[in-house]
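Each of the next two complexes has chain A plus one more chain, namely chain B in the first and chain C in the second.
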Partner chain A sequence: MSADRPDLGWNGLQLLTLCVYIFMFAPIIVVVLLAFNSARTGSFPMEGFSFVWFGKLFENASIMDAFQTSLVLAVTSSFLATAIGVMAAIALIRYSFKGKAVINNLLSLPLLMPEVVLGVALLMFLKFLEQPRSYMLLLLGHTILSLPYVVLVVQARLVGMRQHYEEAAMSLGANRLQTFFAVTLPLMAPAVLGGFLFAATLSFDNITATLFWKKPGIETVPTKIFAMLRTSISPEINALGAVMIVITVALPLVGGFVVRRFAKGK
Partner chain B sequence: MVRAEYRPYFLLSPALISLALLLLAPVLFIFVYSFWLRAANGQDIPAFQFGNWITVGGDPFYWLALRETFKISAITTVICMLVGYPTAYFLARCRFNNKALLLFLLFLPFWISYIIRTFAWINVLGKSGFVNSVLLGIGIIDKPLSLLYNDFSVIMGLVYFQLPYMIINVYVSLDGIDRNLESAARTLGCTAWQTFREVTLPLSLPGLGAGSLLCFVLAAGSFVTPRLLGGTDTLFFSQLIYEAIISQLDWPTGSVLSLMLLLSLGIIVAVYNRFMSLSDIYRSFAK
Partner chain C sequence: MNAVELHRITRRFSSAVVAVDNIDLTVPAGAFVTLLGPSGCGKTTTLRMIAGLETPDEGDVMIKGNRMNEVPIHRRNLGMVFQNYALFPHKTIYDNVAFGLKYRNVGKDEIRRRVKQALDIVRLPGVEERFPAQLSGGQQQRIALARALVIEPDVLLLDEPLSALDANLREEMRVELKNIQRRIGVATVFVTHDQGEALAMSDLVVVMNKGHIEQMGAPTEVYEQPRSEFVASFLGNANFLPATVRQVASDGISVDLGAAGALLVSDAARPVSPGEAVKVVVRAEKIDIAPPGNGGLSATVADVDYLGSMARYQMELPGGHRLLSLVSLKDRALELGQSVSLQINPRHCRIL
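Now for the complex of A and B:
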């Protein structure tokens, strides 16, 4: 071992890190494993290998409904959050103006606010305005929840972007709008896509605030799982978990791949 | 066309308007609601009286719940510090060619649904879960251990959820340390341990602080983890809020409880901000 590394028992550190990685992955592996268990109890011991619970899953109309609700909600709310967030991120990165620090802090506020409180607040406010709990509440709620993350993620990507190309386009006679659509937006595409995927994942995952906002009878996938867990762990939940794990792990992988392809193409 | 000096405000206006309407106004409204009167028929009447505050504040049960919530969150934070710091140190200092992959792997579970990562622990810790099956199988125990539905499983679930936050915060701050400072300390005669204690540790404190605050605040506000992994005697403050609002429809009490949680966490964040900068925390989110 080199001399510049404090000798704190490097092997111990290595072992601890390995344990942390096992700790992070073991529960996920257990869920996927149990999804293929043919036993009816949804727990150990493994009795046999079977796809039966996946089949049951697709026959379960209420789970499919929840899936659809979650998907529509994730796409619409992250579309809104990305549109609003990208505009804000451009303003914060490209311009200096009065009150910037305050606005920056304000936009990050929801990050540290307990989700329960946010859930209660928005629900009460809507009740005060005499609006019933509706899809609209979920849509707006999810948008405000993911907005600060979009602003941060897009900002981080925009910092490295130079303005030369835009200046070139403008000096060649393009107006501001043309420049934005022909130059800025394509350059920003990875940042925008990154923000969108992040927001979509957050929305698809969200449970705490959703429990406050959803109309009785409407379920998203997480709240559906939450309701199913009340009785006991059925093997179906493990199968649903396995499907969700594959989707949520594949999505960022594909996203990262697309972004890298974009970057290489330039 | 918008004039140049107004352009940033124009670009920010959708964000600020949605923030004002969907966050600031609703939170202010909880405050107003906490003074309203709850009539016998369940109607809430606009009023300005401190009855709700006095009822909740005078009930030792709520204070006990707040203390329990903070106790469990503090234990979670300390475990995350003790496990997360060495791990981050290893990740920052190791010489693997593919360090990006290691970090990516650490955050992979992050993308997986929170509720799935939480109920996974039921499969691991339950009576016929993974741990008990293995221990019974090799004959170390002859009766399944009660690992689930108590404070232990809640802390496990919370640590599982918060640990990557801690690791990434410490990692970012360790990664930013100028290694020449450590070499200089060694040249000047410090032992490896002294170098760590006098140079590396103090320089990485902002990351440790940011990670700890984040762990604590997220843990103290959590609802699903204690609900799914906690036992009947687990007292978590957000569960009381949910009970008041959704089950009992007692909105004035619910608003007082929400404000109690928000204010006590706000005080902690403010005290932290007095000594350290909050921007460290936001930075780690962008990684």
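Now for the complex of A and C:
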């Protein structure tokens, strides 16, 4: 390494890296900063520091509704995706059966498919079944969207986890179900939790597909922001954005911390 | 009653891969049986069929006289030890060892007593509260053994349990494993590709090759009386001399080695008749070296491999054939090019 001979190329690279970081994070920082601006117009220079916009958020019933919808949707859809995903991953890694490769590919298809296509497809399918758009559709859609991530995360863990643990448990007298709960599940718990948080974050964030699927009148936080933007740029949006950032960043971080603590105890 | 019997067991993974090919095997009660063979010969697959982790395509698996083919592994009452220990990393040593007892309706106090007893047997008392990662490899392997023994299994199945340990520890664990097995008297099937382990530990060595059994017998029997070139070459260092049978007499069979001379052989794997082309097995450590002109086969030292306490020579016979000779060194090693006479006792030669 020529770290002790900094040359033009190295300096250039550092500068470029800095620019990229600024490009990536500056808008986010601006949003968070302006959320604390006391002025009515959301722009610099900031006039004073205040929590007034956060307070407004909490008073705004429609935003609180959207928040609740988003949270419930994120938790339920990621719970479903985790339950299905864990079972699918176990089947795909630990068992061999006909059509395994096909199912494996089908499961990761939502990952590659443009969300718009998926959104329209599911909507048309519903039309074909002559069902109205409903909360169920949204739940189902979000589950499908995050399922491949759960499957991938859990699969990766199962591959790394030698089958010998399960075989040892069974040789000692535990049946398949007892083995699953005594050995398999605890050993893959970090991946299951990780998959769940991943799914929850994806659902909480999602806007494109959600716009297709949601029933008129139902808003999630992202669609609510989208709707608010169409009328005006209120500093409330900045505050909402700041809250969103905290949730989507903090959730995985807390999850990671819990998983590490959990792993250390062993 | 025999602990395990395999009747004409076959396992095919595909039409091309026949991992185990029509094997018959009997493990007597209390016996230590070793499956020995090169990589991929079907040892693990055989063991896993006894365990119930693999289903035979043909044949029957009997444990204590009962047909077990359809009995799932968790109801076979087996102790298994794996190469990588497979201790549950999220459970304490106590919970690891107690694991099997919890599925056997054993009372709490009884569990505590038996776990303690098992840890005493493997000479690791007092580690109950630790986690597997806090133990060394050798200690983990002892715990794995304790976990398998505590359930008082009908059969103990060991798949290369020592190969993850370093050489010294392996030696130590080998002796200890054998002692424990003898004391408890549990019928044991041990898989290894290490001939030293197989010879040192077993009551019965089963030499496997390409899915079938080449030879089965006591350690001395498979070593001293190999039935095939494969067995002879897999166990120890063997020389194979091409020869022609000259005369079959009551005191032995004399064979013609061409330019190298003649040899008297007292043992044959099958009946032979004069004029037949055969191979003679001579173990490298059974060749005595004398100064030239003392009878025997004359040879020159073609290569010297000095190993400290031992020397390994390549002896070139007239006609160009080379013999490997292993000698423990009391004096100085021989020099390259030196002429010697090789004395081979007829009892140490065997015709294949």
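Keep in mind that, in the parts below, the second predicted complex is superposed on the first by the 250 of 266 C-alpha atoms of A that agree within 3 Å, B and C clash if a C-alpha of one lies under 4 Å from a C-alpha of the other, contacts with A are read in each partner's own complex, and residues count from 1 in each chain.
The rule we apply is simple: a contact is a pair of C-beta atoms (placed from the backbone, for glycine too) under 8 Å apart; a residue touches a chain by one contact, two chains touch by 3 or more.
Because the structure is predicted, anything quoted here is derived from the model rather than measured.
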Once chain A from each complex is brought into register, does chain C clash with chain B or fit beside it? fit
Which partner does A:Met136 reach: the first (chain B), the second (chain C), both, or neither? neither
Comparing chain B against chain C, which has contacts with more of the residues in chain A? B
Would you sort A:Val20 into first (chain B), second (chain C), both or neither based on which partner it touches? first
How many degrees apart are chain B and chain C as seen from chain A, counting from C-alpha centres and rounding to the nearest 10? 100
Counting only touches as set out at the top, which of chain B and chain C does A:Ala169 meet: first, second, both, neither? second
Does chain B (first) or chain C (second) touch A:Met64, or do both, or does neither? neither
How far apart, in whole Å, are the nearest Cα atoms of chain B and chain C in the superposition? 10
Quick check on the output: what are the common chain A residues between the chain B footprint and the chain C footprint? none
Contacting residues of chain C [partner chain A, same complex]: 51, 53, 72-80, 82, 84, 86-90, 99-100, 103-104, 131, 133, 147-148, 151, 157
With touch defined as at the start, can you tell me which chain B residues reach chain A in the complex? 1, 5, 7-9, 11-12, 14-16, 18-19, 22-23, 25-27, 29-30, 33, 83, 86-87, 89-91, 93-94, 105-106, 108-109, 111-117, 119-124, 126, 128-130, 132-133, 160, 163-164, 167, 179, 182-183, 186, 192-193, 195-196, 200, 217, 220-224, 228, 238, 241-242, 245-246, 251, 254-255, 258, 261-262, 265, 269, 278, 281-282, 285-287
Which part of chain A faces chain B closely enough to touch in the complex? 3-8, 13-14, 16-17, 20-21, 23-28, 30-31, 34, 41, 43-45, 83-85, 87-88, 90-92, 94-95, 97, 100, 103, 105-118, 120-125, 127-128, 140-141, 143-144, 147, 149, 151-153, 155-156, 176, 201, 204-205, 207-208, 211-212, 221-222, 225-226, 229, 233, 237-238, 241, 244-245, 248-249, 251-252
Would you tell me which residues of chain A are touching chain C in their complex? 162, 164-165, 167-175, 178-179, 182-183, 186-187, 266
